[in-house]
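What follows is a set of structures for review.
First chain A sits with chain B, and in the next complex the same chain sits with chain C.
Entry: the complex of A and B
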């Protein structure tokens, strides 16, 4: 088992495969997922490779499957997903699969075509049915009395109700046109009124009406009625609303114009007989035809459903098979063909520990293909940097992902992930310390961990959920750690728990308490002397005036202490890197001065804090009483700037211990002295080494000097990468070193200050929680009388939602991001290069998962 | 009978359980006159004598304790309601 501390050792291997065994072997390797193949024909384009035909066939099969999937989804048939992954089929099975898919696709297409034609037919008939029914209404709306009394009224009135339903044809035109019509017909012109009936989309109707009016100058008459039930569009299956219209006009010219307009508006016109008897007959015929069509449509649907249900059972299985075949041929395309065409040559990165497993898989593949010649796996020497492979499990995976998001580790570099497992939740919890909020977070994480299998099985596209689920162990740990720091801060939803009994006691008498608004408890008299057993004393909860001041002093110091320890740990990690890569120069002239600089300045400040805590107390006599305690920050500033400290108050001392002034001056001088060592020593030594090498081996200067100095100058030569690289120019080395040094020196100042965010966010979180309690929940609690309970119920629900939304989710996110920054910048900058590239093995699992995700988008 | 959807009923379930636990505990703390909760009592700014203050504070503590327990009881009802709804919803999706 590889360790998490460094990435796996990798080897570049050459693989010789018999051409007939190649398919089976690659298939076995794909199941294993431990081999990363390199492209051996990078200059051959995708269409000229050997197995391009097979890949294309797989693409075609995949297209057919996607078509099937789309149809199945459209019908809402559940797809059977057993989650098992069938083995890649033999190449000869591909033909069977192709035939099956071909047959299915053709059948489905045919059924769909038929169904569409039938549906179109059905739609036409339904529309005709509606036309007949509606026009019947138009024709029936006759006002038989109009004609008789027409003389007495103005014509416009009657126009509104034209009648055509009367059997007497001679009346028809007259009634329609009212008086004018009658008058017009009187001279003997036979005016024939024509009409067309049809169906149009409802939203087009107003425009259609206006157009008709304008184009025909108001000489046509339009009636319309809505079809109440929506109709199904046969092409895309949408439900559309339509309206029936009927247009009356006079003359052929108008008729052509009206028809043109109808065409333009995509209205469908239907023949509608004029005589009512014909219409009735037609309606009957239409009804019977609709019924016939319905049965045929039902049968077609049944057939389609049967086909799809049969396909749905195997669909996922087929997808997996096809994707596997495609992946295998894709991989085979990366291989080199031997001159004799008998064998394929591949180059691949392999983790050294899995050498045996891979050889076993290859043997299995050979046996399965029935080939007699075993494949040869041959280790090669290379100067290239191998890929970085960190073996993770479900627990460490999320932490490794946090590190990799910053940059994939260089090959065999120290991996910060194992330390992050502890430091990440801890630094998060320092900012998020609250027992209640931590418990909510931990419970959420615990629920995800307990239901892990079930939740993992139901894959969703919900990105936010996937992030939460991926980080379930981080969330759980962050929650548990926050509960711990919550207990230390003695905060549960901003209230304190008095578990052990406060160690402060009141010594004022009744009258003093009654008369004073504020009273100070003296630590000398009112404090027991021994601290509260665990965390903050609950007395601070009721200290309204100086609770925050007290907490700030504590939390600021704590954050600086954690920060300095974290950074020192980071510097020590660089020691592991230097010793591993045998980089003596960096070890002596980089690591040691860096460590000294950090220890003498910042760790000394941390020590001062502890000295102050231990030496000064309210119960002590004067030079060490609480009034004499110096400010650490001022002391530190004076130390670095060589200032003379301000004279202390009476009977106090300037320095905390004997010889402090001397030690401080010495420390600063040594720390400053470290800077030129970091800056110049390494480049100068490299320069010297190069000069020597050139003098010694002048005649054969080329390879050896390169290899030697190259190895010295860039530490990562362990895997045999040094000699391959160009020798860095000296000026460049100087520039790099100076940038690195400046970054480190300035960085250690700014990074130390940066850890104060631990205090700042913790303060903000505690205050926000308190505000939420007093502004929301307190309102519910302060209600008097019996309604109080009911009000409290509502207010509590509101408070609970705000607590989760603002304090746990938003504050949690912000604390998470700050923790991430502290790890990426403040911690990793001390040792982590992160210039590697990730190991991407050829694995069916990954390919199928990606394929499914891509298809769902 | 189905009134609320699966998400709302789940939300109701969680808030109810949380409410029951926290309100029962808070009621208990009010009942034992916890000093930490004194700022949440309906008290006046000033009292004339110590006895007045103690009497008022005790009354307020008891009343708040009962209010908390009443609210917890209401949450028991909402818990039952959302549990029934949740059950209905899960049965619908199972079918």
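Entry: the complex of A and C
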């Protein structure tokens, strides 16, 4: 198996497949997922390819399956997901599948149509039922009043219907109806009041009423009653509220007008007999019909349910099958047909290590299809850049993703991912160092890792969760390293552990302690002589007055130490790249001066820090006492600028060791001398080599000199096009090189400073944790008595929420981003080009996963 | 003396982790990756400890404590304040 340190070696292969065997072979390769096919007919329209028809049929099948899925989801039937992936069916099975789906779809559609018709019928009947029931009340109360009005002849009674009569035309109304009343009172002459009854959506009712009033000039009489139970709309299954209305009017003209308005407002009118006996009879009929309908409807639903349950068992399986067939035909469309039409020709990228596996798969495919001619897999020569393929597992995948997010590595370039597995969580932990917060994070990561299978099986669309779950190993490692750095910082929720016993002891007597508010322990007297064995001495955590001063000095130094080492590590990486690509010219004239520059200036500074730690002590005599300790930063600035250092205090020395001044001058001169080497040596050598090549009589294209390959492979030659790359212009090489050099030299300074973010974030984290402790939790801890217990519980909950929400989540996120930057910019800029393109093998697993994800959106 | 012993102890501990750590992991296709992981872990953890140790080795200033803190320390860390 290939290692993660470099991407796999790839080969471009030509694949000859017999037409009959092609389908089976491609299906086998899809199961394997190790081959990336190239499109051999890029200029052919998607509709003119060979297997368009099949692809279209698959699309159609997929559509039908989606329809089925929608219906199944509507009914809330659970779909069986065994998680297994059936093999791609034979092409002839496609017809069977199509027939099955067709039958299912038609059946379902028919059932749905019937159900809809039945429901509509049902709705009409229920509405009619309601009309009959409600209007009964109207008739009961309004008919007698009409008769009564004939006798009473008074207008007062019409005031009962204020919607009909406002004060102005009340009298007119009274007269109008009164006349009718008079006529009606005469025997044999009925009151000729017509009426219509119907049902309307409740929200349309006010507008409807107003319209009626205006259009009929108040000459109609409307009564309405709500239907309490919502009714189901058969077209979309929504629940709607409706009202029953009945309109009384006089004359045909008004009748047509009223009917028009009803039509306009989509009110459904129902015939309603005038005689009470007829109405009763009708109501009876309606009730029986509703009952009949209910039974039929129930049977229809049962049938639909049965069909869907049967389909739900196989649905996922069918989806997989159809997607596989589609993927195969899609791939076959990329192939070329050979002249005899007997053979399909494919071109593909293949990892060299898997050559055998692929051939085996091809053989299996041929056997399955029953073809006698074996497929031929031929390696081809190419000048194209192969794709980058890093074989990852579940552990390394997330780290590789971090790297790929910056840029996919150039082919066979050093892959930073394996080193990132440790350096990333470590640098994160330097900023996040807290035993308690680290433990929370590590436990969360560990829980996700332990429940990995269960959590992976329940796929969710929750993007944040998916990010966390994908990075579970990173989270776990970040947590574990944070616990370690937290132990070293001796910081757990902003408090310290005193495991080994502090190595500082007080020698003050009582009166001194009583008199002074602050007392500083003396490093000469109160210090044991050997430091606390593991991590920070706990005394510093309680040294409220100068804890930060001490911590700053310490954390700034470690930031620079780790930063410089990290950068040197990056430069050494470039040595691996240069030797691998046999790029001697870059190795000598780029790598060596770069390394010297970094070592002589910045690593020297790191060494000075160690010297200062070891040589200067409070217990020492001058010139190595604490008062004489020089500032490293000032020393470094003086060194680079050739300044004369300030005169030291009495009996101290300017320099830390003998010959320091000479060494510093030498170092700076050599480091500065490296710059022109980086800048000019490579372009000049390339220029010289080209001149020589021109002078030689036979210009053989293949025999490029060392210098040229170096120049060409270094200078933006990763266009990815075919054939030989053109030689770069000399001026371009110069410009490129000068940019590179300037970037490196200025970068060394700014990147070193950039690592100070390790200090800044770690300081911020520690301070925030402390603020949270003193401002929140200690309030709860100071309470006394039983009430204090309750207060403490509440305060603790608040503190815990803030700890997890702000310190672990938000601070964790910010530290994560800063770590990412340190890796992408400060580390990878030293060696990583990242100009490759990713290997995307034809794999059923990936296709089905993507298909499922796309369908759920 | 104590200092040198401590440094030797922790150095040998992390050397052991870097060298023999990979044995704990069952052999697999990623042996070199496992070695790399253990080696890097050992290096960074050792260096981080060393820096912290050396930074405190020769303190140039002592912790400045509040009177309250001193009395509490005296009581709970078994470091009684002298009379007088």
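FYI, the second predicted complex is superposed on the first by the 760 of 857 C-alpha atoms of A that agree within 3 Å, B and C clash if a C-alpha of one lies under 4 Å from a C-alpha of the other, contacts with A are read in each partner's own complex, and residues count from 1 in each chain.
To be clear about the criterion, a residue touches a chain if its C-beta (ideal position, glycine included) is under 8 Å from a C-beta of that chain, and two chains touch if they have at least 3 such contacts.
All of these numbers come straight from a predicted model, not from anything done at the bench.
Novice: Is A:419 contacted by the first partner chain B, the second partner chain C, both or neither?
Specialist: Only chain C; A:419 stays clear of chain B.
Novice: Does the superposition put A:797 against chain B (first), chain C (second), both, or neither?
Specialist: Touch partner of A:797: chain B, not chain C.
Novice: For A:498, decide between first (touching chain B), second (touching chain C), both and neither.
Specialist: both
Novice: Using the superposition on chain A described above, determine whether A:782 touches chain B (first), chain C (second), both, or neither.
Specialist: first
Novice: Is A:774 touching the first partner chain B, the second partner chain C, both, or neither of them?
Specialist: A:774: touches chain B, not chain C.
Novice: Between chain B and chain C, which one contacts more residues of chain A in the superposed model?
Specialist: For chain A, the partner with the higher number of touched residues is C.
Novice: Which partner does A:511 contact after superposing on A: first (chain B), second (chain C), both, neither?
Specialist: Touch status of A:511: second partner only.
Novice: List the residues of chain A that touch chain B in one complex and chain C in the other.
Specialist: Residues 498, 510, 514, 542, which sit in both footprints.
Novice: Provide the residue numbers of chain C that touch chain A in the complex, in ascending order.
Specialist: Spelled out, the residues of chain C in touch with chain A are 2-3, 6, 29-30, 32-33, 36-37, 40-41, 44-45, 47-49, 51-67, 69-71, 73-74, 77, 79, 81-84.
Novice: Provide the residue numbers of chain A that touch chain B in the complex, in ascending order.
Specialist: Residues 495-498, 510, 514, 538, 541-542, 774, 777-778, 780-784, 786, 788-790, 792-793, 796-797, 800-801.
Novice: Report the residues of chain B in contact with chain A in the complex, numbered from low to high.
Specialist: Residues 15, 18-19, 22-23, 34-42, 50, 63-64, 66-71, 73-75 of chain B touch chain A in their complex.
Novice: Please name which positions on chain A make contact with chain C in the complex.
Specialist: 1, 3-5, 393, 396, 418-419, 421-423, 426, 430, 484-485, 488-489, 498, 501-502, 504-511, 513-514, 516-523, 526-527, 529-537, 539-540, 542-547, 549-550, 553-554, 557-558, 561-562, 565, 610, 613-620, 626, 629
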